[in-house]
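Okay, so here's the structure we're looking at.
A, B, C and D are the chain letters, set down in written order, and residue numbers restart from 1 in every chain.
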Amino acid sequence: MSQGIRRIGVSTGGGDAPGLNAVIRAVVKAATNKYGWEVMGIFDGFDGLIHLRKAKLLTPLMVRGILPRGGTILGASTRGNPFAYPVTVKGKTVLKDLSDTVIRNMKRLRLDALVVIGGDGTLNITYELYQKGCPVVGVPKTIDNDLSATDKTFGFSTAVTTATEALDKLHTTAESHHRIIVLEVMGRNAGWIALEAGIAGGADAILIPEIPYDIQRVSQRIRERCERGSRFSLVVVAEGARPKGGKQSYVETNVPGRLPRLGGIGNQVGEALARATGMDTRVTVLGHLQRGGSPTAYDRLLATRFGVAAVDLVARGGFGRMVCLRGQRIASVALSRAVSRMKAVPSRGELVQTAEALGITFGR
Amino acid sequence: MSQGIRRIGVSTGGGDAPGLNAVIRAVVKAATNKYGWEVMGIFDGFDGLIHLRKAKLLTPLMVRGILPRGGTILGASTRGNPFAYPVTVKGKTVLKDLSDTVIRNMKRLRLDALVVIGGDGTLNITYELYQKGCPVVGVPKTIDNDLSATDKTFGFSTAVTTATEALDKLHTTAESHHRIIVLEVMGRNAGWIALEAGIAGGADAILIPEIPYDIQRVSQRIRERCERGSRFSLVVVAEGARPKGGKQSYVETNVPGRLPRLGGIGNQVGEALARATGMDTRVTVLGHLQRGGSPTAYDRLLATRFGVAAVDLVARGGFGRMVCLRGQRIASVALSRAVSRMKAVPSRGELVQTAEALGITFGR
Amino acid sequence: MSQGIRRIGVSTGGGDAPGLNAVIRAVVKAATNKYGWEVMGIFDGFDGLIHLRKAKLLTPLMVRGILPRGGTILGASTRGNPFAYPVTVKGKTVLKDLSDTVIRNMKRLRLDALVVIGGDGTLNITYELYQKGCPVVGVPKTIDNDLSATDKTFGFSTAVTTATEALDKLHTTAESHHRIIVLEVMGRNAGWIALEAGIAGGADAILIPEIPYDIQRVSQRIRERCERGSRFSLVVVAEGARPKGGKQSYVETNVPGRLPRLGGIGNQVGEALARATGMDTRVTVLGHLQRGGSPTAYDRLLATRFGVAAVDLVARGGFGRMVCLRGQRIASVALSRAVSRMKAVPSRGELVQTAEALGITFGR
Amino acid sequence: MSQGIRRIGVSTGGGDAPGLNAVIRAVVKAATNKYGWEVMGIFDGFDGLIHLRKAKLLTPLMVRGILPRGGTILGASTRGNPFAYPVTVKGKTVLKDLSDTVIRNMKRLRLDALVVIGGDGTLNITYELYQKGCPVVGVPKTIDNDLSATDKTFGFSTAVTTATEALDKLHTTAESHHRIIVLEVMGRNAGWIALEAGIAGGADAILIPEIPYDIQRVSQRIRERCERGSRFSLVVVAEGARPKGGKQSYVETNVPGRLPRLGGIGNQVGEALARATGMDTRVTVLGHLQRGGSPTAYDRLLATRFGVAAVDLVARGGFGRMVCLRGQRIASVALSRAVSRMKAVPSRGELVQTAEALGITFGR
């Protein structure tokens, strides 16, 4: 089936995730070594298929040394969606459907297939391109690990590791100085990073979007600890956490020229706990630290397996599909199903119960 | 079923693996918090059930802070097997079956169940104790990840991470100085560490026990790289690797007062490659670095889940069983089946093929 | 001179700094091994000399394993100053001079000398105690490195390393996503952490208290970078940085039950740069991460040398003095001089000029 | 004085040291930004001035991102000395003086000055070139820190950190399993790495070239520890350590096509200690791990300061000199004096005495 293929493209879209370069490298190496294809790097997401100067051939030598590096050598779009692309007409910005341009440019670049590495939004666009006849294959990417179609995504292990190392550092200082320390981590819709890092880093409370919290429960747990001689507590809060009966304080306003308005849930929780317990309290907001850095061995391996699997999928003609992890095995799934559902933390699942067995409170 | 249980014991046996303390902590916390049991730490493996002074109650406060630490607070036996325990009789050392002593002492300590964390050898003994009526539950432990009854073991991720970080460090110096660098890693019977670290660390050749290597193939690959402008190569060798038609050079001689005789496969491979290619070659032997250090977030989480699951297994009366990971889920398996088979790297499996698609040679 | 000494005390005071445990360990080991003295750990700063139950003998075995750990096994006072100690009298809190209690309790505990590890504030109190006849020796501690009497303090290297690693992580994500990333680090009065981490982490702008900044200069530099193809910038901001003609936004309000009001200089700078450049901008606030974690090899060594030198100083009868680093050598200085002057970053010094030679702007 | 200068060259020579790229980057940036000069990278040491195709212009953009990377983008010579350069004449290799070629090629490349980053050997050659009228400036480089003309060299802090982290990892496994673990580190002539890492990593014995050891003293110390309840010991051994009355086992044989014969002092010490104590003993040889990896913040800063200072030295016409660190300040010294003396560990100096005060034995 791969006989017709001579050249493929590869692009990355959306937010940063450690492991992107490992996927790109694997795609280039596998396509070249195993199938003898050429690989063209498409820069700045789908922008690179709208503005042709943003594409160039990638050889194995050109991807040498990028395996351990964070970021993406292909850049990521800031404008993004070719189905609603911002174009300036008579001084005004209007959104135009440039998907035909994308398909035309794929032909001009003589791309027989396109591997798109991206999150929810990017994969949705990829699916729409597929429906218009584009030979695409997807590679899932989200550091939040909230895609239901794959058991794990690369980047997540690195983000959890960064948050866990932060907890390790905060632990000793909290303990020595009898403090509450609140760590705000990523996770707007799903609390996976908070949950896994919280367990791995020995947190005393974990607040996640899936389980609305009662601040009194949290402060009660902290007081109990004090009574038993542990005069400090670590609280991990996901960005999207919200009090029982309250709303998420996270508000996305990605306006150029403005800082995104963070709701500051970490500070809210810290302020509330300081008041409720009278204890010395500090807040740390990890922010983009979680998206950067050298990927963990786990993420490099998963990203590499995804990259090779995506090339194999192209070779088998499996267009409109996305590679994924099921258990410990690499598999694939139709893009149509891949992007339809988020994967939330089951509020009575094994991980949450493991945490509760250890004495960690979710504030419920 | 857990109604009769008031106190359980926990012990660790065999070689070191990062995450042991995380299991101990989880057992103590879950038993105490969730079930209200007491937990007794048994020191120095089964020795602690032969010499009673080697056991003491562990409270949650006593396991505070051990989550991120390597090693085991319970120590590990150097003598071990109660079914063939070395005893000095009239100046001579003879092996005696002291398993009845173990069972008697469990009663004296009023232990209603015993959680044993150990590898192949320790779990075998645990199974024998079970057959004699002992209420035991196992937690698998091997940094080699070579137990067939569980998809992953804790400690393995940390070992792979240590080896991957070593490759990262060796990479820049190999590249700048146009060298072959050979890294010898653990893995006497199974090449999992070499394979995963080799892929994650960007190795050019990976030599594992499961795929006997032809040194000519390896040096040919290195020469090809040179011709294409990559005047350096990284070769990962598992301890148990062996040449086609040759024998493993690893010989285990764990005699007190003598260094274990290492076969030095790393040096053998290095010497052979230096001769075959004429290139500057260096060898690093990681050794026990792979067994030490703070466990990765992955290992801490897996170890914690295992610990809680073992306590739950005790509560359900699941004696004679071992907790395990299947895909991403925690499960359990009969000890009889758990210890019967090793898990070798499938020589045509997805991971090996992924490596080969990247251009990594196994010397076959 | 050391003949009269049989037992000394050791205490830590003030904010956390990686290396405190290394000093304590060195004091205990050197006093015991080299001089045969006993060492008594005084807990929670000077509180431990007001409330006698907060002191206990420390043996070398008791400090085993603490060398690589952050925090302090002796805790730190939250109330602190024995010359103005908060005491509740008839339901009201009044400040009382309890320095005589401290001196009396030192005698009761049979302490022939006291080693105090602390920052500016703690060392001032130590000096006052010395003036009242107390045989004290000081060890300087500040992660800000702003004590003029010593060239370096332990904790500083670890804080710089944490901030540098943060810049490494932010670098790849800033570069891939064409962003300005602002990193706020510690440094209320002195910009040493920002300066050293900024150079070591490849920052493009460094804003410190010693050099008031003009935001236009900073955004101009960022635009110049964009024009030359570097469509991203990293800006390091010390807590105490302030705009030209403006005030520090940092306000210290260490009120129990309230979060300290941070002025949020990081967010201010981020907001201003986003507006001035129109670029996507993100802010990370490291906070207490900088005070935690395992000390670097440098800090462990310096802390250990300080600890041994403090014991030697006691043995020589050098009371009222503080150990310090001069160049690469350990020396000592009178406490009276030690605490009188801060060490600010010289605004035309070699380090600042080095940064400017690299093209880093200070916004002046 | 810098008026005549328009273009300078920069080259690296000798063994690898983390921080080389940081120096190169600083030289390129400072020369370009501060003085408006061009910088030409000379590849593979002095080879690049013998074979002209091995030189190219370096712009600031070309050194972007290399600050945190180990190795050197300029490569390092394997043949090296232009005063005795191996040339094949009628099938035979003879050594020829090609220093005139070097000087001629500097003129052809229109280099007004040359910055050479190198160790003992490379700096000697640099000095000889200076004597022949070459406008050279040196930057010292040795991870062993054994140059007397500078208080510290970059690379050393990274090597000490790598060795310290190794000790951290070995510590927990040694403690849990009641073992002696021997760690062999670099240091053929000077024991600085062993000494600093040994103190920072909590070693129990440190064996260095400067203090010949008596193995009985070492095993006696280990037995004493056992008696006091510490049933494990960590021993750090420098490559060049030797027994009292014995010879160094290190033999340098850098023959292409052969592994360098390591004397295996680590294994020798391990074998002797296993025999003398009867304890379980393991040996780890760090090897080239110490030369690789991302430089520490300390090394990046020092390397950057050296690079900028070297450019300033060129601007001031300070040819024939080498930049160095004196105390905490950057200075310079005549090359003639710089290379004449090694800096050994003073066997009764403060660092050794600090170690002994902690109870660390040197086997004397």
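Keep this in mind: a contact is a pair of C-beta atoms (placed from the backbone, for glycine too) under 8 Å apart; a residue touches a chain by one contact, two chains touch by 3 or more.
Computed from a predicted model, the values in this text were never measured in an experiment.
Chain centres were defined as the mean of their Cα atoms; on that basis the chain farthest from chain D turns out to be A. Chain B and chain D have Cα centroids lying 35 Å from one another.
Inter-chain spacing, taken between the CA centroids of chain C and chain D, is 31 Å. Separation between the centroids of chain A and chain D, computed from CA atoms only, is 41 Å. Contacts with at least two other chains are made by residues 168, 171, 175 of chain B.
Contacts between chains, counted with the stated touch criterion, involve the pairs A-B, A-C, B-D, C-D.
Of all residues in chain A, only 26, 29-30, 33-34, 60-61, 64-65, 67-68, 151-152, 157, 160-161, 164, 168, 171, 175, 196-197, 199-202, 228-230, 294, 296-298, 300-301, 304-305, 308-309, 311-312, 326-330, 350-351, 353-354, 356-359 touch chain B in the complex they form. Residues 15-16, 20, 69-73, 75-76, 78, 162, 166, 168-173, 175-178, 181, 254, 256-260, 267, 270-271, 274-275, 277-289, 291-293 of chain C are the ones touching chain A in the complex.
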